[in-house]
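Next come the structures, one after another.
Note that subunit A is present in both complexes that follow, paired respectively with subunit B and with subunit C.
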Partner chain A sequence: MKMNTFAMAALAGVMASGPALAELVIPDLSYRTGPYAANGTPFSDGYQDYLSLLNARDGGIGGEPIRVAECETAYNTEKGVECYESTKGDNALVYQPLSTGITYQLIPKATADMIPMHTLGYGRTSAAAGETFPWVFNYPATYWDAASVAVNYLLSENGDDLSGKTIALIYHNSAYGKEPIRTLEKLSEKHGFKLTQLPVDPPGQEQKSQWLQIRRERPDYVIMWGWGVQNQVAIQEAANVGYPMDQFIGNWWAGAEPDVLPAGMAADGYKALNMNRIQDYPVLDEIQAQVIDAGNGAGDGSNIGQVLYIRGMYAAMLTAESIAKAQELAGTSAVNAAQVRDGMEALEITNARMAELGMEGIGPEFSVSCQNHSGSGEGLVQQWNATDKVWVPLTDFITPDKSVIDPLIAEDAAAYAAENGITPGCL
Partner chain B sequence: MLYREAGDFKTTYAEDSQTFPIKFDRWRYWAVLAIAWLVIPFFVNDYWANAILVPFLIYSIAAIGLNILTGYCGQVSLGTGGFMAVGAYAVYKLMTAFPDVSILIHVVLAGLITAVVGAAFGLPSLRIKGFYLAVATLAAQFFLVWLFNKVPWFYNYSASGQISAPERFVGGIAVTGAETAPWAQYLICLAFVTICAVMARNLTRGSLGRQWMAIRDMDIAAEIIGVDPLRAKLTAFAASSFFIGIAGALFFAVYLGAVEVGEAFGIQKSFLVLFMCIIGGLGSIFGSFAGAAFLVLLPVALKVLGVDILGWPSSTVAHLQLVAVGGLIMFFLIKEPHGLAQLWRVTKEKLRLWPFPY
Partner chain C sequence: MSAEFLYGVEVIINGLMAGVLYALVALGFVLIFKASGIFNYAQGVMALFAALTLVGIMEGQVPFSHIINATFGTDVHNFGWTVPALLAIALTLVVMIIFAWMVHTFVFKHLVGQEPIILFMATIGLAYFLEGIGDLMWGSDIKTLDIGIPQGGSMWVENLSKHLGGEDFYGFFIDKLDIVATIVAIVLVAGLIVFAQYTKQGRAMRAVADDHQAALSVGISLNFIWVLVWSLAGMVALVAGVMWGAKSGVQFSLSLIALKALPVLMLGGFTSIPGAIVGGLIIGVGEKLFEYMIGPMVGGATENWFAYVLALLFLVFRPQGLFGERIIERV
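Then we have the complex of A and B:
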């Protein structure tokens, strides 16, 4: 063990001083164990398989091979910190922790170590303010965007009027679940609906009392901020108390196959947001042929095409595109973490580029800038069809109400900057 | 031959009642301290500090605290996580309310606040014992976590409900916050560990410790010989919570930097610290260190062995780790129910006779 760490340290030293080793190291803080494994596994499979495809098909990014350093966190912040510390010395380029709790933990550490983090539609919403959080990116959307998209969808369903309606928010009682509350409170003032908050203690196997309360109060809509086993239990409990599934909307982390399958036919009609459209993309066939069939898949290949697999792949695509951008900006293919950050800040995703990559329409078009690290913030609403076991998109990408969100982000970022003595500015 | 009392003449009362009566032990103690203070700080890097040394030191303080209560005074407690949370939130409120006061004072104050809370939750121990007391402390665990989640004042009304430690300095060197050097992180924890361990060791050797042990061995008999159970039990709860509060404060401020109460100080933390005490050895300060080392190092060692050396998939290693840790706990409990400290005691007995055992 000692030998190994010293060897690693020595290796890192050699890599820092000598000519850069031709390898792009991308850590994957995954979780394939514990109560969140059902959701963590497909995401990690998609993330790694897409990077493996780039290795197999294009020889990496810009000719540099990619090496994925996987580390198991079990969605636990202490293990997440250990994973971060054990992988960062390896010239890690960008972190994707897939956990809001770990993200909060790593924001100051990654900023101090000057390694960028990409928190795809999770993490700290106010990291959208790139001048305060130069090393953290949450494109293509944030939690507050998600809350607003959900409310905008309900507005469109109710003829632009939610006054007098009640909306219950059932949430993971953690930093993740608490994120949307501030936005939903603002939106409830603006649109005149009543917001009820129902926290569920993680991991969330026990939700009887929350659902009894929902049965008693009969809110018009239930919005869920759940993850892992909590989603499965909530959908089952909703079915048990006879809550209408089409009035039950999950956020984009509560709308994947592992969440609805356990409830069987009872989950039919359940709605959820999504930030990436579910279709049969040509790139999936390439992954199947060149990665899974070649025996290089990160998992057993059974998750391919699922919501979270596609999202993991989407995250990897955004990472690969920003590394390509970084190589272009830096004029070298062996980029370092700081150059990747510059690439992320200059990232521009167009429909033409997505089509070129074999994933046409997977996400909205967006561009990142120093002021805005969160992209367009758009999301769509999809519905579960339990008979055919498919998610059916109900809407196109919905734009969030930026007039509510932007001042909140500015306020929260200013508070963070004041608390931590940061002078906002572009790098 | 080397390890023996013979020839080590004590000529004063102070010498006669010192902590380590055997010369070899004294040398070993100073050697360990010298390595910990003078050698390791020069070699420690981010990974060693954050993954191994700092959690080991902090869990050692927590295990010492719980060992005072459970090992020395015989009061089973499942509230350790909750009391660590009290320490963490106390230090957070103090750090943000009085930014000009030294963090060292805040950590000690956090320990004292936890001691008061712990003594309050210790009151039921005067009426109930054993499993029933365990359930009462379990209630403290759930109540405290619920409280810190429910009342926004404790987390200064932050949107996420998380608390995060602002940067604080000791003698101009950052000890909390992201810019902290690994050696500074290590040394501040080591300072608290050294002081706490010396304090705990002397408390347990003195009259208070003897009262606790009398209560543990048989409370009625202890009362008959003149031990006041109210005083003994409440001081045990207070002293135990003081150490646990310091551990919680360091865990939050120095180690993690940001915590969420439900995740960082949940019931699993209470069990983890209790396992450390049981595996290390109940009623032994050395055992607290051994148990903390065992449970902090083992997962990391297994991970390095499985993932980095053998190249297995990280998920397989994580699953195997659960099996291996569970299996080893069972193995130790069957083979050595008195914990690692007992192995150490047996070794010392053998050493006394070496090389001529009879």
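Then we have the complex of A and C:
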């Protein structure tokens, strides 16, 4: 009798917790704890709040409600893979791992499971080659685009001539930090600048050696590929050794408020790339009114408008647009993961559409195709104003040097295809 | 003198300064291990928790505000006042003493007589618990720690030493924060030595460290001594948290500074306060010099692993560390 009651209760529980048939399940592999929580939290808040806004305002996407399945990774690759394994059976439609390490582990898994992955401006750059990586998308830009955008910006600052200049790359000594090296080496050959490489072992609490070297060698520019505490320490150390902040440029994962605030006024003038423009978008007011004030925010609302919050929101918008495109292509609102992949590959983001969504000019216009999963690759340069505590855009979106990047992507993708026995082609 | 040589000297000076910061973390481990035989895995998290508490008190932050707001539908984050640094430090010390009492009363009192590995595992649990409580109390955002410690290169030292080399030498760089950390470390170690040598409680602490059964037999309260030792470790954790937190802001990666203390402990010995200091200095100088001289040949980023290699080399010749108690086993 006891067993029967227990079995019935368990069955009822399973039935109650099972997914509704037409729910759009979007996992969020977040990190709100651990050493990288300060970066992971605002991104995840922005990602979830935008999806909550769609639920509150539009009843979801195409009339189908969205359910976010959040799983804490603590920016730990093993935990990230566990999160993927524990959520994929929930009819997951698309993954956003927010970690290059996790992305590398998930590429073969997601490909085998036929679930698309969106790695917004991070992850494996050669995943831009959609014929080799049909289930991975890294639009609107890749790390190699970022490296090229930084160099193009410096070219524009120096009358299109960097010959004889020295650029130091200070990077997170990990798969993520090493990504731009190949591109920067090619660009240094092309433009005649000297590239110095300075790896920092993660997490990056101690960087004295690297900054003493920068002080000794006095490179003309320092480019940083950092994440988490590495960024805060680097900016403080740069200020300590008197390195000019306006010659110090972080990539787009080293240019958010948590990176500069601890250094206070010393961070004034620090520059960073961004793949999305920071401004007061009308959609933020809608999120405030319909999500935060309604008590449905993923966080307490204090991150609204910050760089990583807006980037999370931008990522969610691109996901939502892909799902809408998938619904349009499939002729049904209850799309599955394979159909969402098709929607991602047919995605087109225009200025008109961004304006319609209340985020005019947030990113560049781009379209995705089977051959190109990385979008336009454009990025802008912004500068920190420590007095007003705001990021000020210095440029419009800058186009990367595709003549250098595309052959590198083709070469790396071909090597991956050969290693894994993949015959490239469109699905 | 050649600029190359002078830059080498600069690396050594900065290595010594970095070593002091490592030693500050290692000291907390030594205090607890010496008195109770517990390798406290939570020492790094204690530094984080202490620094979080200090900033929270200084800024008048309401602890557990996220839970309070979520439960009661309120919107409270701040008491609306700020607390001066010195008072906030004193209040943080009180919090760390309460923490020490709780750790002893609720955890280690019930584990007396257990194997060292059990006690070690308890400290692992304690580390995760404390990290979680810190997050719930004060939030996971990065906090700026400003208690007036100067930062940046000392222009006085730079200008004074500029003429030592040629055009290529820019003068010695010494971070003012590192100078402050060194002074604080000297005062702290001197204070601990005076406390251990010249106070009744300090002598009792040493007696317990030497032989806790014998100490118990002459009426020394083990409960009191262990709370005292955990409180001292909490105080050392606060100092380490403040020094490291001033560099990077107070954030959860502070808990990882414990990794920097491990090679220092292996080298200096787990039971010696001077060992922690000397070990820290050797590791600091060793890793910085290796990075300066050999790093460029092997692609850099040698500091983390070289510290352990250096410690292992010492272990081959002195398994108990430089200043550790000699291991004697009679069979």
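Note that in this section the second predicted complex is superposed on the first by the 407 of 427 C-alpha atoms of A that agree within 3 Å, B and C clash if a C-alpha of one lies under 4 Å from a C-alpha of the other, contacts with A are read in each partner's own complex, and residues count from 1 in each chain.
Simple rule for what comes next: a residue touches a chain if its C-beta (ideal position, glycine included) is under 8 Å from a C-beta of that chain, and two chains touch if they have at least 3 such contacts.
Computed from a predicted structure; not experimentally measured.
With both complexes brought onto subunit A, simultaneous placement of subunit B and subunit C is prevented by a clash. In the superposed model, A:T111 makes contact with subunit B only, not with subunit C. By the touch criterion stated above, A:G421 is placed in contact with subunit B alone, subunit C being left untouched. Once the two complexes are overlaid on the shared chain, A:S209 sits against subunit C while remaining clear of subunit B. In the superposed pair of complexes, A:G89 makes contact with subunit B only, with no contact to subunit C. Legend: residue contacts after superposition of the two complexes on their common chain; A:S174 is shown touching subunit B, with no touch to subunit C. Contacts of A:A326 after superposition on the shared chain: neither subunit B nor subunit C is touched. Of the two partner chains, neither subunit B nor subunit C is touched by A:M344. Contacts of A:L261 after superposition: subunit C is touched, whereas subunit B is not reached. Contact with neither subunit B nor subunit C is seen for A:L184 once the two complexes are overlaid on the shared chain. In the superposed three-chain arrangement, subunit C is struck by just one stretch of subunit B from 73-81, 289-297 or 325-333, namely 325-333.
In the three-chain superposition model, subunit A touches both subunit B and subunit C at residues 32-33, 37, 41, 173, 199, 201.
The part of subunit A that touches subunit C in the complex is made up of residues 32-38, 41, 173, 197-201, 203, 205-206, 208-210, 212-213, 215-216, 228-229, 232-233, 236-237, 239-242, 258, 261-262, 264, 266, 295, 300.
Those residues of subunit A whose C-beta lies close enough to touch subunit B in the complex are 1, 4-5, 9, 30, 32-33, 37, 41, 70-72, 74, 76-78, 81-82, 85-86, 88-89, 100-101, 104-105, 108-109, 111-112, 124, 173-175, 178-179, 181-182, 199, 201-202, 412, 419-421. The residues of subunit B lying in touch with subunit A in their complex are 45-48, 50-51, 55, 149, 159-162, 164, 166-167, 177-179, 256-260, 262-264, 300-301, 303-305, 307-309, 313-315, 317-319, 322. Of all the residues in subunit C, the ones that touch subunit A in their complex are 7, 10-11, 14, 17-18, 66, 69, 73, 77, 131-132, 135, 140-142, 144-146, 151-153, 170, 173, 175, 177, 244, 247-249, 251-257, 260, 288, 291-292, 295, 299-301, 303-304.
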